[in-house]
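In this document, chain identifiers A, B, C and D correspond to the written order of the chains, with residue numbering beginning at 1 in each.
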Amino acid sequence: MSITEWFKAKNKYIPVEKSGTRLNIPDGIWSKCAACNEIIFQKEVVRNFKVCPKCNHHFKLTAEERVNLLLDDGSFVEFNGGMISNDPLDFEISKSYRVSLNQAQEISGLKEAIVTGEGKIDDRLIIFGVMDFRFIGGSMGSVVGEKVTRAIEKALEENLPLVLVCSSGGARMQEGMFSLMQMAKTSAAIARFKQKKNPYISILTNPTTGGVSASFATLADLIIAEPEALIGFAGPRVIEQTIKQKLPKGFQSAELMLKHGMIDLIVHRKDLKNTLSKLLNFLY
Amino acid sequence: MSITEWFKAKNKYIPVEKSGTRLNIPDGIWSKCAACNEIIFQKEVVRNFKVCPKCNHHFKLTAEERVNLLLDDGSFVEFNGGMISNDPLDFEISKSYRVSLNQAQEISGLKEAIVTGEGKIDDRLIIFGVMDFRFIGGSMGSVVGEKVTRAIEKALEENLPLVLVCSSGGARMQEGMFSLMQMAKTSAAIARFKQKKNPYISILTNPTTGGVSASFATLADLIIAEPEALIGFAGPRVIEQTIKQKLPKGFQSAELMLKHGMIDLIVHRKDLKNTLSKLLNFLY
Amino acid sequence: MARYVLDFEKPIFELQRKLDLLKKVSPLEKTDLTAEIEDLEHKIEKLKVRIYSHLSPWEKVQVSRHPDRPKTLDYINNIFTDFIEIHGDKLFRDDLSIIGGFGFLNDVKVMIVGHQKGKNAKENILYNFGSPHPEGIRKALRLMKLAEKFSLPVISFIDTAGAYPGIEAEERGQALAIASNLMEMSALKVPIIVSNIGEGGSGGALALGLGDKIFMLENSYYSVISPEGCASILLKSENGDSSKAKAEASTALKLTADELLERGLIDGIIREPLGGAHHNPSEVFVELKQALVSSLLELKKLSTNKLLEKRYNRYRKMGVFIES
Amino acid sequence: MARYVLDFEKPIFELQRKLDLLKKVSPLEKTDLTAEIEDLEHKIEKLKVRIYSHLSPWEKVQVSRHPDRPKTLDYINNIFTDFIEIHGDKLFRDDLSIIGGFGFLNDVKVMIVGHQKGKNAKENILYNFGSPHPEGIRKALRLMKLAEKFSLPVISFIDTAGAYPGIEAEERGQALAIASNLMEMSALKVPIIVSNIGEGGSGGALALGLGDKIFMLENSYYSVISPEGCASILLKSENGDSSKAKAEASTALKLTADELLERGLIDGIIREPLGGAHHNPSEVFVELKQALVSSLLELKKLSTNKLLEKRYNRYRKMGVFIES
């Protein structure tokens, strides 16, 4: 069953614990938190929106978990679910891009690194997109750029609020300049969207960097970040290579970015839907 | 003869050396430069646009010297030359404001700290204003605010470029909140001016601080500064009292402000008219 | 009653201390002290009225700076509901000397901005004593532009000794930041209601203070320069640092709410309880809320064009001069 | 001829040195060396053609970074007249890695912006190797908005390894600065003509690179990631630092002008003299100027609406995917 079919088929709330592959949390009833090294009870983590009950570390969510977290039960309808990459450069270094795509599809059960569609937040219809880091690090190639752009255009046409949940290492290098141009394409679409007064809220989750942070992700009317999410343009390793020293702990965290004025507010995952709903109410 | 009459009467170019009271340059054929302590020949300084030939220090110019420097010979026509302050607070601490006004009028031969009007730069008609530091430190009270606002409105109505030469220690405290409100008034006028596409160029001369720098002076499309001019919001003494240490040399200089991105370009006085003319040509 | 005692309040606190002592010893004494206590209470009340109801401008300046006085966040929490704080200038830093965000004024969605001061040393360091750097001024503008886009009226609170006069503040363009706010606020397409709740210090205050309705609390001040600054410039030969000099400057600058209302520079005064807002904050919250609600009702009746025209004319006509 | 010699150029420079020696000793020798000299000159010419006319993508990347290659300021000085440099972002700093100002392209008034690289170590420190901080990106945007207000077409030059990846650059919002430029440039109401004269490194290049006509010099490159970055990520188990890995990445990324023109991502290629632009800059100046002039003529015929619609559609259709 493809994610599209899956989303279309489901009519009732699918609780978070039934979702697919988990990130960062080893299987088993008990496990160790990768952030604080404490032993945590898996069920409690899942019940806690995949947030460590000991240290509040926010583990990555899959696209479907995010849909379940934020949208009203059964309200999500996916758009363009069948869109896939066509490997425009016949890219192959060490591993062919086509193989990477197949593997990503298998691991995630998704066709690409973003799922877009419409759905409701407390009965308010919105256009919604969510990236999935499992799919080649949530990287943006032609498909991500196109689906984001169509979502923006749809929100513009239908006068609906736009909410995009970001999680990405940046542009997808395997599509070369086509990927870079998705930054231009999505930003241009946002420029048009902003000519009207419908709200656009982006949610930056761990991590949001590179071509995604340097295009649509940071162009929102309001930017919400999840606690401790890594947010920046250059990746930490690139910076360390440039400045030739270790980065301080917490550098490029949501908290630091808030302090530096780049983020509107940081919201704990458990309050995310409620805050989003309130903000939409102020803006729309 | 009032400055108004004087300006109206004159039909030909009045060379700089014939102008009124000079600032910073002691009288006599030879004198010492206040900036570099070198002995300089008065005539040479005057010929050099009141710039020290040894150290390039730009001495303050009077309003009429500035008119002579920048506008085409005989092209200047003053507006609102008769406007004077009415001492709205009956202000008197140690010396009454009325006495200060009388003294300033005597020293400068002007009615207030700014002269406004229309004139030509290389045959291009512009609305022009120039502040005179001799008049209570070029401070902005009701009259300065009103004359600046009228100049802006005139430029807007007649679709003309606006050029304002600033030299001011800030708001005039003897008019209390009326002075502070001139910041709002002039800035609001600039907001309206900017709805059309006529250029506004400000020239910041030594010093431009306080209520003038925090209103119309820095809201220009292009900001030109004279070399080494003191430019800032708070005065150096206030800052030193706050941070409880001496300010570094050159702090708040035009050069530092350029480095910090606040100024478009620094132009030597000898090139000022020519650069202004070229810039107006690009913008108008 | 307040911990922090101003000079002119001392006689009241002396009697108060006596009263407290009397009350404490009363149960232990054999003689009935009720009459003495009542007498003293009466005396205190009379003294309060005598001292507090005729504060000089300089005394009002001191009250306006009282650490226990309600600060912007107190007004936010007591006048609005559902406040969501929004951070940052999206350029350099989140300046905590400026606070802002969304809230409901009764059922009206609004954007709130204001200077935030602390009530103790720790808070004051965090908030930089309510004195913004350019990034704070720009943060306020960003929130106001957001309000404009989404048609939310702006409710602004002024409470600052002034924009921060430091090296970095200058380097990052304090002057331009203030000027930009004035320019943008003069043309902001939503109502702006300003309340000066304490100190209205020059450009740093005005940068959040240009609007359609300007209220001042009874004991707030609003001035082109601080009384201290004015005194030290004009009275440097004499003792500019003396209380007398500051008092003289405070009077000369006509910086009180009454003086400014009389001159048409503000629209209304929110009365405070005897001794100042901190003696009974909830009274002030209620009165200010009422003023905000009715002003908003009035302003919302205007078309955007009319609103902006009125705002322009308001400032356009400020100034006193003679034309010959 | 250039002082700085790239690896693949070495054979040419060997022969050249031989030739120089021969010419030097020739007058001192008894035998006539003219024939040998001519022969060697002929050989060099043939070798140059053989080496330079079939540069691999990785070799082109190296040429694009040649220190002697003309930089933005050289193009400004040789293509435009009456250049007046304009500084600063009016927010934080004048970032010298970005240069810009007014100039005339023949008789057309234009705004010029570009990345500025140095030709030696000292200049490169001054210009930060052409890698902008956020304030440089914002400076470029400010100049473009100024151009928009006064209806001046924008002529942009790209030459950067990328936006600077440093701590302060991150703190001051590199990502948002780039994103803002893309958003604003996509809707800028004047023509934008972009010329990639050397390195087109990812987001830092694109931040000055969104426009209506995109030219690339023959030996410039334009890429989503540097060949080094790509190699080190994808070939980390093998030797990602080797020349072979970089060459492989350069080829795979399809980053040359030819590859990009073929895919419709750019509009034209400015041919360079054999060996690169620095072997005969004036030739390149003339050809690029011609391209700018004729593009401008073409773009000026469009109404603003049409211009913006075309620009939007240009980027809207970029991307390759399959829909099922």
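Quick note on the criterion: contacts are C-beta pairs under 8 Å (C-beta built on N, C-alpha and C of every residue); 3 or more make two chains touch, one makes a residue touch a chain.
Being a predicted model, the structure only gives us computed values, none of them experimental.
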With respect to inter-chain C-beta contacts, which pair, B-C or B-D, contains the greater number?
B-C
Chain centres from averaged Cα atoms put chain B and chain C apart, in whole Å, by 34
Per the C-alpha centroid definition, the whole-Å distance linking chain C and chain D comes out as 55
Between chain A and chain C, what is the gap in Å from one C-alpha centre to the other?
43
In chain B, which residues are in touch with two or more of the other chains?
260-262
Scan chain C for residues touching two or more other chains and write them down.
90-92, 172-173, 176
Are the chains arranged, by touching, as a line, ring, star, complete graph, or other?
other
Touching pairs here come out as A-C, A-D, B-C, B-D, C-D
Chain C touches which residues of chain B in the complex?
80, 82-86, 88-89, 91-95, 141-143, 145-146, 149, 171-173, 175-185, 187-192, 194, 209-211, 213-219, 231-234, 238-239, 242-243, 247, 251-252, 256, 260-262
Which residues of chain A touch chain C in their complex?
197, 199, 221-222, 258-265, 275, 278-279, 281-284
Mind pulling up the chain D residues that touch chain C in the complex?
90-92, 172-173, 176
Using the touch definition from the top, list the residues of chain D that touch chain A in their complex.
163-167, 169-176, 178-180, 182-184, 186-187, 202-203, 206, 210, 222-225, 229-231, 233-235, 237-238, 248-249, 252-255, 260, 263, 265, 311-312, 315-316, 318-324
Residue numbers of chain D touching chain B in their complex, please.
82, 84-95, 102, 109, 135, 139, 146, 149-152
